[in-house]
């Protein structure tokens, strides 16, 4: 099956190149009756948008979304929803010098080998610009989850290079351009980023995403487990190299007596599992963490080859984020929302109802 | 879509409960001409089989696989392949005491909430016994990849609790019951396991899986990336809580100038990416790491509730591995093989050929 | 995607060759709580079974089905259901003479060209024997539809060669070996078949299938319409060459004023549409008709070529039905049941409920 | 899975309502290197476009297609292709009177029951206007098939009410507004249509579609047979009520000795099968026929009910075709092209190559 779709019952398909005419997506399978508007989608797009701070790329695009179908009188109708963002700020000249070379850390070489051709302007389809449509589609999933089940999904930057959030204050996240929850370390973060920019280098990041009020029972054993589908969706974000659910890699040195979340009539005693047991949501918070590699487009010169196999030096100019991880927060939220919504519909289809009303534990 | 299938063009669907009549699977989409036999499948099944050492469950099952269709005169015909393993050692009595309670760390509660019913005998469908069919199906993928492209896939135990392999000797892996590559630490491992068993507790593990000679060009942007599909397949293994590709979480504190793998006419200078760039295989080794939580079935008593919401104490008897991670090595290999094979076929379908013959780099 | 599966949420995957070890299938996505037993599946298998009358092939196979998983204490559990029928009466010698030739009207040539190889024994995978598993899976769908929605599905032979049923008496259908609803023409039918058998020739057939009490609202526009999915399922039965919904080809010479089914507060005034409007079920009876070609395996000699391109004469011996259409009645019922059930689950997933309780019309 | 997609490896997903902002589609899985332009897509759109003759609706829309992505320097790149047609002539007022009633023969009632809401303007999503995007996507498939395999696909009107084409002259088809291949009956057809229009009534039609130079080996047994997928695609066109492959319903009264297409070293002696054997293309012409019901929107008054269950009289005004079948010719061609292309890619994926070079017969 072609690869530009995600989800089974709630299915998102995207198109668009960084420097093409437009980006767009089709959201298929959204139930009727979800309240949705261009304004509410725009709000999350603006969170992801470049040019919002001096730490993100200076490329300025309004990223104005249009709803083309599937919404009538303010609500979804059950038919497929078309969304469109026209590209307006395309400086394709910037990229002509990399036409024949493979930038290290980028998809240039692999696209060339896979397709025998590529739209080299701004990374073409492999550009992070593509993720704008994921954010847009994710808003519809977020709204459904909130309106139907009270689910709330929030992401934040938990680590950036050596700077690690220790105090997780959800109120803080939207108060700074880093989606960073620890106010006490903002100055340190700011200094680190400024030094990095001066060096022309980039840095990796760790993001955390939490969904609360998740209905129990989501996830289809044995392959389409909720955690497996979350891993698929999050690892599919540009630059992501690792995914954890709950305690993640920390389990390697945990004992069973420590890790297993005991249950009492008042609920689970802990949440090492991150809200998923046997691939099915337990009703606890769903918690995931991801690692994003440092931006490969940096002004530090690097060695590479061109398509004739000859060695060349590459210095990326263009406009780029020193840490792609920062802007990935709304993308990660969107992907988690898409997976949870898809599994709500699957659970409803397979088992008649999403069992929010009947869990033994709350 | 129902959840017991994985893969698009190479598609594996499984059935079977721990204490039911039989386990089985259908492998759909295997090209004709792959040499396959019950013997070669059995070999990997025996690697996964319980009862092979004193560190794994003492439940003894021959796990004898039968090929029911799709193979004629020693080769696949292109039609669907049916495999079957009959259950022979079913001590269902062992489980009657847990019929109404939810074992902590297990899927009992979530299955109950999802389906309103469950086959409680031995974990039913959520038992790791189900993975036997994944191993069997994986052998067919391994054989295809080896016969067609020379791909070799190997997994090993890289960490178990506090014991970490430092010297990775692939020759060592099959020489000990732990799939452990570092002979110098085998004694330490053995001691740790013996102490653990005495305590009746369990421990987590970290596994590593490496595929060599992977064709360049595998993976479908933007959602069905090779790394995203690997994450889906590996996170879908029982007890797995985290997946890394290449440097994984280490990228959080890497610089772009350090992480990006430079290219020279002689090849890539490093492999931080783990063989995947922009979601597409680069022709380098594909490297993944996973974390498996400690077995939840331990003899240390724990608190839980029954299906009436009442508190009860649980002490698992039955026969269980103190570290489920160990036996997961062949399962992880199988899952990686299934994903790689599926993407070989998808690449062939979408782009006419798997581009092994034409890579600029080798 | 590999081709041995049908359905999205209710998904049936089959395997097995005519003269292999066994036939089997996996039914994935069946909701929990459906009452099912080997006996009830066996009943429909016996209706399809060869050797039940002198007009069908004398090959005798008990076709004894076994439930291997997914059913616990008489009810489905929500996990995947494995079914198995072992092959017992395999006279593979019968087919050695056709090993290298392409029987006209059969799939020999196309399988050979597609796969470069084939299991020639008894048609291998292209044998109608494969449909036994469809019948078995269809029983589960029939039971679900009956138990949940009161749906009843019945098929009958409406034409065989020149003999056409005029009086459709549903009570009559199971009273004769032809599934023929018109008792007044049974003698004519019997005579026609006897003459045909003497000639060693075969004949085509037209079947009709009717589902009553179908919930309104099933079918997903715009491609996975209910009628489109029915057409897919019925055309996928061996030997079927045509499918009609409702008035079918008769609409070519109908006027709009005649065809459109008017509505009154008491219900629809007619059912030219066959229960589907805009691809969605209307709550009226779903009516389909199919045409099955005459059996290609006949004792009348025919011209063909072998795999070296040389001309040869073919005379099929073996054991074959003079009219494959007759035994296809339970197969067609099963396929319709599978499609309807799949769309019940899809409707439930996409729209929250199958709207049986709320239709304006009944 | 949501229903607005068709195809597996070559996958078309559409959106758009009759009176919404725009129609669009995403074509996912098109291999790189196919030459494509807006002009060549426009050509087929113009064949389908309303307002081209006095026998089709007078609604005038330029239906101007834009390529938004996936094409670079005149060729496809392998990434997803976005197409867009903006709606320009939307007279939504025309439809306000039918807001609360269910037009007989239309999808009003079924959409209302399925979704609990509907965009009633011009039929919304159920309007035949949606098929414009199918035609556009079909052009890409046609071009691929022609450029890669020399496949040619042509449709024509074979019957309209009582007027039946007897002389099939392919040169004639594009010379008249009916896609009618029999010049000797054009006057009769013209007279019939004029009389029909005067009466304010409508009529059904039969279309035939033929694909030549189809590679042998396309189609995946046992469910995704080529003929099954063709039936799905054609039955999914608005107003279609029946599909035949090859001789179709005529097989009911054919003998095996007559129907089976014999083979000689020079090729098949006949083509009763319509180019498909055992669900796989034989290399002969693929031939399909479909029946389209008469337009339901007619000026003849009819009985119906409103959404409160009350009886009302309906007289459709708006602008409508007296025979929707005529304009369906390019749609049917497009659907056949999409199915054939999808199976070319599937065959390539599953079996390594589309076997055009090696057929024993030509």
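When the chains are written out, they are named A, B, C and D in that same order, and each has its own residue count from 1.
The criterion applied here is as follows: a contact is a pair of C-beta atoms (placed from the backbone, for glycine too) under 8 Å apart; a residue touches a chain by one contact, two chains touch by 3 or more.
Molecules present, by chain and UniProt name: A, B, C, D = Chorismate synthase.
Computed from a predicted structure; not experimentally measured.
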Let me spell it out: compute each chain's centre from its C-alpha atoms, then which one is farthest from chain C's centre? A
More than half of A-C's contact pairs recur, by residue number, in one of A-D, B-D or B-C. Which one? B-D
Rounded Å distance, chain B centre to chain D centre (Cα mean): 45
Distance between chain centroids, defined by C-alpha means - chain A, chain D (Å): 38
Distance in whole angstrom between the CA centres of chain C and chain D is 26
Touching at least two other chains at once: which residues of chain C meet that condition? 1-5, 8-9, 14, 29, 32, 78-79, 114-116, 125, 221, 346, 350-351
Chain A residues touching chain D in their complex are 1-5, 8-11, 13-17, 20-26, 28-29, 32-33, 66-70, 72, 75, 77-82, 84, 114-119, 124-125
Using the touch definition up top, name the residues of chain B that touch chain D in the complex. 1, 8-9, 29, 31-32, 78-79, 221, 345-346, 348-352
Along chain C, where are the residues that touch chain D in the complex? 1-6, 8, 14, 102, 104-107, 109-116, 125-126, 130, 159-162, 201-206, 216-217, 219-225, 227-236, 238, 240-265, 269, 272-274, 277-283, 291-298, 300, 302-305, 307, 309-311, 346-347, 350-351, 355, 358-361
